[in-house]
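Just below sit the structures, each encoded as structure tokens.
You will see two complexes here that share chain A, one where it goes with chain B and one where it goes with chain C.
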Partner chain A sequence: MSDVAIFTEGLSKSFGAQAAVSQLNLRIQPGAVYGFLGRNGAGKTTTMRMLLGLVRPTKGSVRVLGLDPAREPELLRILERVAFVSQRKQLYGWATPAELVRMNKAYFPRWSDDAAARLAQRLEIPMNMAFKKLSIGNQTKVALLLALAQEAEVLILDEPTAGLDPVMVDEILRTFIEDHVSQGRTIFLSSHHLSEVEQICDWVGILDEGRLLLESRLEEIRQEFRLVIASGEGLPVAQSADVVSATTDGRFRSYVVARDAERFAAELRGQGAAILEISPLGLRELFLHLSRKEDPCTPGNAGAKAAPVSSFS
Partner chain B sequence: MYAWKCWRESRARFIFLLIMFGASALLFTLMHGLTEQDGWWHFDRTEYTRDPATMVHLVSGMVLSVLSFSGFLSAVFLGATASGSEIEPGTIEYLWTRPRTRTSLTWTHWGICVAEMVLVAVVPTYLAAAILGTLTRNWNLPVLFVAPWIMVIFGLPLLGLTTLMTALKRSASGGLIYTSAVVGVYLIVRQIITVPTHLNLPTLFAGPLVWLVTNNQPLAVAFPWGSLARAVFLAAALPLAAQYLLKRAEV
Partner chain C sequence: MLLHLNPSSGVPLYLQLQAQVKQAVAAGALRTGEALPSTRKLAAELRINPNTVARAYQDLERDGVTRSVPGGGTFVADGLPGLLKSEKVKRLRPHARQLAVEGRQLRLTREETLKLLEEELDKLGGQA
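Presenting the complex of A and B:
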């Protein structure tokens, strides 16, 4: 197994003048469960496609399990060891899930019939109905079954639970944890459901307009990150490298601080500001603050500095 | 497994073509023996034994006039299921994340289509030949024996063209429409050039088919080798172009 499951350096992709991904640096260790977050169009899907050779990078390098997807022989080895669920989850409409399973297993040497049968039962998939006749939720479940039964070393999942009801979402998340996380497999998933990400991920990266705004351990966000709300005249846009985001709402300015929030608040008080609140942040609040467009104080990989990638374990 | 998927997706078209050309071949072979007597249709075999050589010539010509379309129709309808057609509906993300090269996918599909084209050409023609030979007791049927292979040779460049157009347009319907448009424009331009000027241009790659249909005495007339060479070149070049296009495609 490679030292790094997913590695990108200076990864960029442009479609004409539009930069979809810009200077993206990721270093995801084997066994990590990494939530890749961002608004629609942030560049998450493009990044995932670059990892799988579906899109070629404009600049930068990519390695998956130490292999380069730009080289065809290496890409084939990646695809043997990586399972992918795409955002569209589009499979052959004429095929039944049972036929799709038979078709899929021929591609993968580590395919598990037991896992496929178990998942079909657990997710309540009608295995003999044509894919096109299944509900969106059942189509999603089939796509997940095909990916999970591969017994892949790395799972790349683009909004894997979209279209599923809460019971099934819970079932899927438990499957991830029981069958994959517990076996040390790497999961790289994008989702708009932040509660799910909080439930299973140990790392998060927040992408906006193709740039990684923040990358941190989820535990570190819970313990260290604070929201500081201050009021006063002439408050600084960005005070220090520990400030991940600063937004203005009338006379108030909200700062997301990665560490030493009390020290930062003291500095603001020293400048005549009144500190109204210092509170811990959930992932949802952090995401909302980072994704707001006003007064972006930390463009680029600011979060990577706040939580250096070398601190991965 | 991809071969099975190609078969599964194209089998309805294949069976339709096989039944359509098989029924046509049967009809044109047996219709000369159908006679009406006292308001009832019955089959009179003596029509075939009275002048077997003329009957073979007549029936062969009629069967060929219908089956000559098999190469074109098989190529276009079967070729439109090539992997490029999966880009627009989105199944390509599934297909291209299986550990198989895009080149192997392109040529596996091509191979399945060629096999189906051969069957669509061979089965109806040889069925007609078998019935005609039995009825006339004349097995001197060179036109019918050679015909399916010439239809396949004619169909191969069109299969390549459809594969290429499907990759360019990224959909089955786009591939069908653009292949038909390219063929239509080519025929119109050719007519515009040749009719007013009375030019006798050689065909691009349809020479062997024209030779087969117009002569009906293939061994007596020189075979258009130049046209055959162009057909072979296009049959290889067009799928290679599609392969290159798909290998570089981003989705």
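Presenting the complex of A and C:
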């Protein structure tokens, strides 16, 4: 288990009758950049908070770098080795970024002054202005600086690029790769910016209503996943494990197939269907297909209630 | 090195990288002995995981396009002198098959498909 950076098994959290996260199994490898995707309220933030011991799971287990955040001494070691940037940047408003750097470094054994100085310059952060007077974008950059300079083994980032302009986003992505991933360290991030995720991440997990709809390597999605659009009467609600999603729009049915799309299309033709298209699909399209609720036909779609599809390889 | 990746094209990034390096070598934009950027540097430039670049580099070396010096980087190899013609043909055949299949599926004539191939060869210029 300790060869996995982040591990969850059957992880669940309910707030009263409301299930925020259900039966989540994650295996995030060291050196991975894992994009944790989902609509607002899907359970991403709750999951991240459980990894950091900020929320107690209702059921299931969590290990971060092999350590259990539910046990006090282990949690302290996690917090030394893992950096977290939450969506709400709650830092002392009166303090300047330079003061925040001085306050933070004492807590982290691996803190790098060099990295802090380099990031301040590269991200163009006004280091001597009170935090509360900074723009949202600059506040975000300060939070990222404080996280990156910890030289943590794992970065957990809840929408790290929200509110940043495209040039700054690009600079942040470069920094993630150069200063963190290149050293074999891990990133677990949530984001709604799918084009960024598609570029920087090598793994994605798609969460909906607390349930993991899909987890896959992005290279596998590029190579194997195909959108098959068919038309005809009485087309099957595909039960095959390779069909990740099937949705209907009038006489047309769209299937997202995880592998062997040509063979699947041949089967449909055998049942009298006309195949209109077999095409690769980008992350945005995949996300939209999986998140459709109006006609859930397979376990993969958001509205369905059965087991998720996972493609470990 | 000027590389451009399209993350949502349905082609794995490591294959896009490989293809672009091969193309640059074939077109003479990268010359024998020239150094490729380090895995980390190229990964940072492209904002992708270094593992993806490493995979592309490994395959390029396996295909004899580049050679790596332990601890000293990756360089464009001086062709594939050791490779038998039959081996070269064997490596190219899957691509030829792919072209044939795609051409047929798009209902292009034999001549049209061959003409496309010739045009691409012409674009590479020179070299016998």
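Keep this in mind: the second predicted complex is superposed on the first by the 295 of 313 C-alpha atoms of A that agree within 3 Å, B and C clash if a C-alpha of one lies under 4 Å from a C-alpha of the other, contacts with A are read in each partner's own complex, and residues count from 1 in each chain.
Criterion: contacts are C-beta pairs under 8 Å (C-beta built on N, C-alpha and C of every residue); 3 or more make two chains touch, one makes a residue touch a chain.
All values reported here derive from a predicted model rather than from experimental measurement.
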First (chain B), second (chain C), both or neither touched by A:E80: first
Partner chain in contact with A:F108 - chain B first, chain C second, else both or neither: first
Which superposed partner A:R284 touches (first chain B, second chain C, both, neither): second
Partner chain(s) touched by A:W94 [first = chain B, second = chain C, both, neither]: first
Which of chain B and chain C A:Q199 touches, first, second, both or neither: second
Contacts on chain A seen with chain B and repeated with chain C across the two complexes: none
Chain B-touching residues of chain A, taken from the complex the two chains share: 49, 52-56, 72, 76-77, 79-80, 82, 84, 86, 88, 90-92, 94-95, 99, 102-104, 106-108
Chain C residues within the chain A interface of the complex: 5, 7-15, 40, 43-45, 47-52
Touching residues on chain A, where the partner in the complex is chain C: 31-33, 170, 173-174, 176-178, 181-182, 195, 198-202, 218-219, 222-223, 226, 279-284
Contacting residues of chain B [partner chain A, same complex]: 1, 4-5, 8-9, 89-91, 93-94, 96-101, 250-251
